[in-house]
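Each of the next two complexes has chain A plus one more chain, namely chain B in the first and chain C in the second.
So, the complex of A and B:
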């Protein structure tokens, strides 16, 4: 069976989406949650680039993928900063501990 | 064949990034997944996103993760996961199945043919998506503020004095000299 890059893109997107979504549900560590989010966004980047190539508008797909990469980096930075603040105030990075927030 | 092998390697790196016990290992596995994703994008023909993914995704983001881990330290949890594993697996299988059906339907649909001249990436960026660029600039500014928050650790401690509470920021420079404080109060 000879698969083209566009065919493998579908399997890659499904695989990355599955791994990232499962990690989002399972993981309790804040930094690992950011890692799971990064994996999910990689699935979106691959999907955008592959959709652009499949529809013959590779430039549009590439520009959208570029935007997603930039925004994803910003999200990671802000999320890591928030995680450090949580660590500073609560002494832990466990998401379950944040359920005790009041006020 | 080659792209298939790369795809399998990317998924394995992603799984290892989640499964690794140490956070530092997770960050390194994620960097590997980013580098392989960049290679896969290059094979697909999207060279510019590949370069950005390699430099930003595998480089900058990994450095940020390692920096954050070095500040926060390794913290292992032995407690139960947030969602029961069986329920999570069921949800993931359902979501992946729905996405697969969606992708299969979308790939079978007739594709719109664009009759216009072939545009370049810079045309698409600066002309067709000018508003998106503005939004991205605002987001990058927010990211810079996030980095400043990540790096700048100002320890704020509350000092109670008789009758009032002063907030002393220990790492900020003393702008007003003590002898001039009386002038400011007047």
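So, the complex of A and C:
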């Protein structure tokens, strides 16, 4: 089976997105939750780079992918800071122990 | 020469670190002065950062007035592309106005909290990036502004960080919102692959040959991604926690402006795509109308069961977003600007009324918290007889609640009426049915607004109210300003035409009508 680079990228995006989203749904540990979000965002990074290549704007796609990595790092830092506060005040990193989830 | 609106963003964003440092300087000075005498259990009162923030907001009104007069200014620097059109003007007026009042309100409200300089610095960032978000002209720029807004919001929601519920709300908000951001990015990637550009004004021309199924997929991703931020119903679950457990000033900002900013961002990214859906454009209108109706019903039914005041107000925001989405859907269907103008009008009114409601609830929480455990929520029964001790606050709160419920001489009635009239004018039997449904929902919403008013005015004075402390004037002034605003807009709805007409004109322009 011969895959073009674009096909490979699409499979990679779908795979990363699937893994990340599944992890987001089942994981209860705050740090693992941050990792799940990171995997999810990596799907978007690959998608942007591939979209740039597909439309003939390689540099644009690459620069967008890099910007996403930067912004995403900020989000991860804030998420970890929240995790730190949770740990400090309540001695647990388990989301389900944090409180009852109300609709 | 930079246009005035760029200065508006710069003043707010650059002032934020100064406010933060100012708080530190103030604290150091007080620590030195008191080093020998007093041992501080909490941080000493710290006014410098609040005054700096108020100064920055006051200065920001100058470029705002200039920007409001100059129409359609544009600015580009490298890949940063901004355009200050009608929609941006509307969002910045709301953000700056409410932000200023919240800054006045919060100084006294946060007494006893630690590190309030972070609060004021983040509040400035929030207002500044929201204006940038409204003016973004590039799809990816828009996403970056939105992430900046979201990051500021996460930290502000979890501001009372020794509080279990606040941290939980912050985590929940962050996870759901970050997952939504990924959806938006995937949508952006689809658009980029089709068009080869992300400039919202060039997109229209480039998408002529695009595959309409892929565009519809991108559109769906945008609706899901921004739907999380704008609290469209199946995606709203973060909202009641975040809005109920943030400091009250931030609840006002979140409910009054931030979810609306999500809606405006959604509009911005969808508008260039809609004309290229090849006959599927009406599907988008149906999507908006149905989402609006679901939001109305779900928000109202969930709010009915609530006993905590701030949680009730949070669910009522879900319902109010329904009216705005509904109005936009009418415009997508008919191509007439009236529905969108009504939607933007309701967006502004909701900002005023919900801002007022959350600030009034915050003022009452402040007054009664002597009798409550630390950071405990305020329930409806706690408010019994509040009007006797706090007549001004109770009156302002009642105006906000009755306005939200849509009672005639108040702001909420006018904007709902405009949306309904636009719906009937669209001349489709199903839209007529939905208009009747929305009007009935308005009545339903009174079923939870009225008991609150009733408790404040007719209940016997609860022990909590009897023990309540007086409320500082700095907290009452923003309430009075907003209450007067709600009444004036209700009596003379034309006073806001200068904001709503350019916004709906900009929307129609982007749609290509």
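The criterion applied here is as follows: the second predicted complex is superposed on the first by the 99 of 103 C-alpha atoms of A that agree within 3 Å, B and C clash if a C-alpha of one lies under 4 Å from a C-alpha of the other, contacts with A are read in each partner's own complex, and residues count from 1 in each chain.
Here is the rule we use: a contact is a pair of C-beta atoms (placed from the backbone, for glycine too) under 8 Å apart; a residue touches a chain by one contact, two chains touch by 3 or more.
Predicted model only: the values in this text are computed from it and were never measured.
Judged by the touch definition given at the top, the superposed model places A:58 against chain B, while chain C stays out of reach. Here chain B and chain C are compared by how many residues of chain A each touches, and B touches more. Using the contact criterion defined above for the overlaid structures, shared-chain residue A:37 touches chain C, although it does not reach chain B. In the superposition on chain A, A:90 makes contact with chain C only, while chain B stays out of contact range. By the document's definition of touching, of the two partners only chain B reaches A:3; chain C does not.
With both structures placed on the common chain, the touch criterion links A:74 to chain B and to chain C. In the superposed pair of complexes, A:12 makes contact with chain B only, with no contact to chain C. 13, 17, 20-21, 50, 52, 54-57, 60-61, 63, 67, 71, 74, 78, 83, 85, 95 are the residues of chain A that lie in the contact sets of both chain B and chain C, per the superposition on chain A. Per the touch definition, chain A reaches chain B in the complex via residues 2-6, 8-23, 25-29, 31-32, 34-36, 38-39, 42, 45-46, 49-50, 52-63, 65-67, 69-74, 76-78, 80-81, 83-85, 87, 92-96. Chain C contributes residues 79, 140, 144, 147, 150-151, 154-155, 158, 161-162, 164-165, 167-168, 170-172, 174-175, 178-179, 181-182, 185-186, 188-190, 192-198, 237, 240-241, 302 to its touches with chain A in the complex. Interface of chain B with chain A (complex): residues 1, 3-4, 7, 10-11, 14-15, 17-18, 23, 26-27, 30, 33-34, 37, 40-41, 43-46, 48-49, 52-53, 56-57, 60-61, 64-65, 68-69, 71-72, 75, 77, 79, 81-83, 85, 88-89, 91-93, 95-96, 99-100, 103, 107, 111-114, 118-121, 123-125, 128-129, 132, 136, 139-140, 142-143, 146-147, 149-150. Remark: chain A residues 13, 17, 20-21, 24, 30, 33, 37, 40-41, 43-44, 47-48, 50-52, 54-57, 60-61, 63-64, 67-68, 71, 74-75, 78-79, 82-83, 85-86, 89-90, 95, 98-99, 101-103 touch chain C in the complex.
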